[in-house]
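Working notes, beginning with the structure itself.
To keep things simple, chains are lettered A, B and C as they appear, and every chain counts its residues starting from 1.
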Amino acid sequence: MKASAALALLAGLVGIVVVAAMTPAGPAGLFSALATVYTRPDLLATAVLYAGPIAASAVGLAVAYRAGFLTIGSEGQVLLGALASMWVIGYSGLRLPPVLAVASALLLALVAGLLLGLVVGVLRAWLGVNETLSSLMLNYIVLAYANYLIAGPWRVGAFTETKSIPPSCSLAWPVVLACLLAMAVVLEVLVRRTRLGLAVEALGAAPRAAETYSLPSRRLYLYVSALQGATAGVGGALMLMGFQRVLTAMSVSPGYGYMGILVAWMALLSPLASLLASYFFSTLIVAGYILQSYRVPFNTVLVIQSIIVLAVLAYVMIGRRSRRP
Amino acid sequence: MEAVLRAEDIHVTYPNGVRANVGVTLEVRGGEVLGLLGENGAGKTTLVKVLSGLLRPDKGRIIYMGREVVFNTPRDALRLGIILAPQTPRLFPGLTVAEDVGLTMRLAGRGMGLQEVRRRLREISREYGLGVDPDARVWRLSMGERQRVNLAKIIMLDARVALLDEPTTHLTPMERRSLVQVMRRMASEGRAVVFITHRIGEALEACDRIAVMRKGRLVGVVERGEASREQLLRMMFGDYTPSKPSRRSGGPGAGRVLELVEVWVRGPHGTWAVRGASMSVEEGCVVGVAGVAGNGQRELFETVVGLRRPVRGRVLLMGVDVTRAPPLARRRMGMAVIPEERLGWGLVPGRSIVFNIAFAHAWLDGGFMVDWQSYRRLAEEIVSAMKVKARSVEDPVDSLSGGNMQRLLLGRELLRGARLVAAMNPTAGLDARTAEAVDSMLVEAASRGAGVLVFSEDLDELMTISDKIYVMSRGRLHGPFMRPFDYKAVAAAMTAG
Amino acid sequence: MNPAAIMLTGLSEATPLLLAALGEMIVERSGRVNLGVEGMMAVGAAAAAYAGVYTGSLAASLAFGALAACLLALVYVVAVVILGLDQIVVGLILVFMGKGLADIIGSWAGGAPGTPLTPIPGLGIDLVETASLALPPILWLILYHSWLGVELRAVGEDEEEAAARGINVRLVRGLAVLVGAALAGIGGAYVADAFHYGRWFSGVTEGLGWIAIADVILGYWHPLGVLAACYLTGLLFAVKPLLPVLGVPAELVDAAPYLAVLAAQVVATVICRRLGLTPPASVWWGELTG
């Protein structure tokens, strides 16, 4: 069985090579782009910035998925968080000093994400509405709302775009890293050591047992959805202040929240491991930007990430099965 | 009579090391009802699974009509006319009876149109008095009716060998009697019928020969005339004789622990599962709810526990109205729950023993952080007090046997001093020794002052341990019947509308 | 626009949804959820555009759309049906994979117009629309009046018992997934060919796959119910252009179908709970109480 587990990884590698071969860059181009990323400190630092929204989404999703709460609302929450930050910095009319502006942008993004997450949680807990679909619909609703703000009330200049946030409000990579580490550590402790974490595990593994033996399932869904939304919301602030800076009209949403979903599963639902996996994904993104100059579609990165996650999950699954008597 | 089917030196060892069949050799003859008697875990089901192609033996041969055969899938056995009817009839809930039966016919290589299936089903139903409606949706049928669908299927497939695994489990006493008649009739047509049971009385009533199994081995085969109850008991249990737990005198105390007032509950398909049930459980008292599965017991149990809200009526715990209260509030008042499914409902699969102790206490104990150390100690206490066979409390619960899982569950639920114990089929699937231990623990909980509510399909068990018995039939509660119990009256209530 | 034109546009808008939703319904009736519809439609649209541009044949365009989606769905078949990985996770992975692959394949076509699908003269609807309207009654016949349909439903209701009775569960399920994928792929191809002159651009099928999945639930896993649900959502898309006239900002109008589907989903869930209905395919709602 060891061999067939390794086969899963090999199949993944073959898949990546095939996909790369479908693009103008080819496998060699892909690997050389990756090599470039991993040998240039400035690109490695940039990767931390891009990891911001992905990791922030993933750490919260990891907890939610542990509870069996299969939301995919992180995408909309990231976007809403970014909108909230943009409002604080650019449109609230508050002339805050930079540190305070950044802090309140983070806070408001957190609250915005939390509330949006809670909508999904409330629908699930009280009405039993399937969270995967409801959160997905909310993603598109937020996207439409973002486009409305960008094209309407927030529009400046000839193009459909918002103001740009001032350089004083940009986040350097150590700040992003600190934010992510703080969230991941808190959530890791929450999962492993706290009463809430224990309850979340039980709810995910056996919902019926959890409810029968005195765990407040409804309240737990609310907690988890709020927590998940909050971290993704922070991710939106990190996206805006880390690298995005200006919001433009978009036909599809940025996708960092969706990548968070892939990351959470790849990290086997551990918040701390999600951090590492996000960083890895983020280096792929940077490589993807390099490859764009070879006219490789950016979403090729998404395919490669998907293949990696699938291979890892298959590897773990086959390994687990072979350990059983 | 000649042998239709012969099992020779069958050996089966399960992956967890249990030796379910050890060198079993058994002959099944045409035109007879052969009883396969033994307690739970004796290897009866394993043997018929081998005979019907559901399980490949590690060693051994199967001879059909004098020729050795190898079954790779159940289909191979089905084609030869060897058909197994499992203990709990498993039909597809969303299909009609005719669709379900037709599916089996097709897979047996006797495909026919739906109209033909319906016509034949009606014929057989009339001829054998089975009362099967081909157009009924399966989910509407009671367990007894499903059992009869399975019999119809066996007849329709023209089975040479019918293997019936504990077919009486979910039947009322009335239905049992008519099942015996159907089995005798099938045998008189030249078919071989293998009737698995753990009840000696049933075996003596229905069978031409009785084969007894114990711990995976065939102990012996006795002819109808020669078999005595004592001899069979000795063969089933060896030198160990199960003694039913004795009821201490005393009986119902004063305080009412649980009271249901005119409770109406809906089932999974929107129909009424519980129709105006009223009952009470007193301190220091064991109350049994008898009845065949599928008559609303599950829904009533869930209502007591707090997983289902009644549409009408009230639930009182220690005199407090908890009708709309979740299980959490009820647990705070001292409710212990022993559910029907150990894994997935009673215990969390894939997690350690410690985790399974901790999750049920954590929310009641309060605090922000979990004190894993103290739960580990508690788990070790429970494991040693209940004699749970486990290597370490860090082992996943899945690695425990059914009996040990139930001991662990009982330990967790009873050792903290429960005031109401709600248990559903607590001894189902357990061997006689463990079943006895479980029953006496429940009785002991009552003698310490708890009110114990036990749902069970085993009327004999309930009559031994209960102070009073209600009977559930088609969503209604009949009774209470008080000690000393009138078996006939209780049995009659099971078939009441 | 007059009401008749809106009805006709609604039908056209409903067609890709209907194809994808009926496909997903087949998958869910076999006891699995494939959340990857969005990805399969995207790939279908891209492959259809590519094939259309390079062969100039409409039939080849639609066939390639179906084929590409099937190839993507093979990942699901291997991972979920054969290896037993979590169906939700793999479904989501399929979405991302499909979107990315669509961008790659679509870039080969270079945004050139391919093979437009036009209404049959005098009828007002095109070939695929006509075929997709015939599909629900055909599926109804198959599901409820053929042994193949009974087998499919049996697998969906209780896979263990189905296997015990000798049904090849993996085969039935694998075929269901592939048929579902083919339909989703044609749905995606239809979007490119009928709405955009066979031209592809990134995000051309955005969101449709998810709405199709919601329509399966709203149609209560029944071919005719799915038809109704899809047509109603199709109408929503058709009236979208009218909303700005009423003073709703054009960008917010994009949210209308999603809001409506979300609201419908909430109402449907509440109604099902009140009535105590268990879905025929017990894949979405576990036996949770509340």
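Going forward, a contact is a pair of C-beta atoms (placed from the backbone, for glycine too) under 8 Å apart; a residue touches a chain by one contact, two chains touch by 3 or more.
Computed from a predicted structure; not experimentally measured.
Peer 1: Looking at A-B and A-C, which pair shares more C-beta contacts?
Peer 2: Looking at contacts between chains, A-C has the larger number.
Peer 1: Select the chain at the greatest separation from chain B, using centres from the mean of Cα atoms.
Peer 2: Relative to chain B, the chain whose C-alpha centre sits farthest away is A.
Peer 1: For chain B and chain C, what's the span in angstrom between their mean Cα positions?
Peer 2: Averaging C-alpha atoms per chain gives centres 43 Å apart.
Peer 1: Quick one: chain A and chain B, Cα centre-to-centre, how many Å?
Peer 2: 48
Peer 1: Indicate the whole-number Å distance between the mean C-alpha point of chain A and the mean C-alpha point of chain C.
Peer 2: Centre-to-centre distance between chain A and chain C: 26 Å.
Peer 1: By the touch rule stated above, which residues of chain A touch at least two different other chains?
Peer 2: In chain A, the residues touching two or more other chains are 208, 211.
Peer 1: Specify, in ascending order, the residues of chain C that touch 2 or more different other chains.
Peer 2: In chain C, the residues touching two or more other chains are 287, 289.
Peer 1: Going through chain B residue by residue, note those that touch at least 2 other chains and give them in order.
Peer 2: 307, in rising order.
Peer 1: Within their complex, state which residues of chain B touch chain C.
Peer 2: Residues 54, 73-75, 78, 90-95, 99-100, 102-104, 106-107, 111, 114, 266-271, 302, 307-308.
Peer 1: Residue numbers of chain C touching chain A in their complex, please.
Peer 2: The contact residues of chain C facing chain A are 35, 75, 79, 83-86, 88-90, 92-97, 99-107, 202-203, 206-207, 210, 213-214, 217, 249-255, 258-259, 261-262, 265-266, 269-270, 273, 284-290.
Peer 1: Sort out for me which residues of chain A touch chain C in the complex.
Peer 2: 19, 22-23, 70, 72, 123, 125-130, 132-134, 136-138, 140-141, 143-145, 147-148, 150-152, 207-208, 211, 218, 251-252, 258-259, 261-262, 265, 295, 297-307, 309-310, 313-314, 317-318
Peer 1: Show me the residue ranges of chain C that touch chain B in the complex, using the header's touch definition.
Peer 2: Listed in rising order, the residues of chain C that touch chain B are 145, 147, 150-151, 153-154, 157-158, 161-162, 164-167, 275-278, 280, 287, 289.
Peer 1: Hey, which residues of chain B end up touching chain A in the complex?
Peer 2: 15-16, 305, 307, 326-328, 331-332, 337, 339, 344-351, 355, 358-360, 362-364, 366-370, 372
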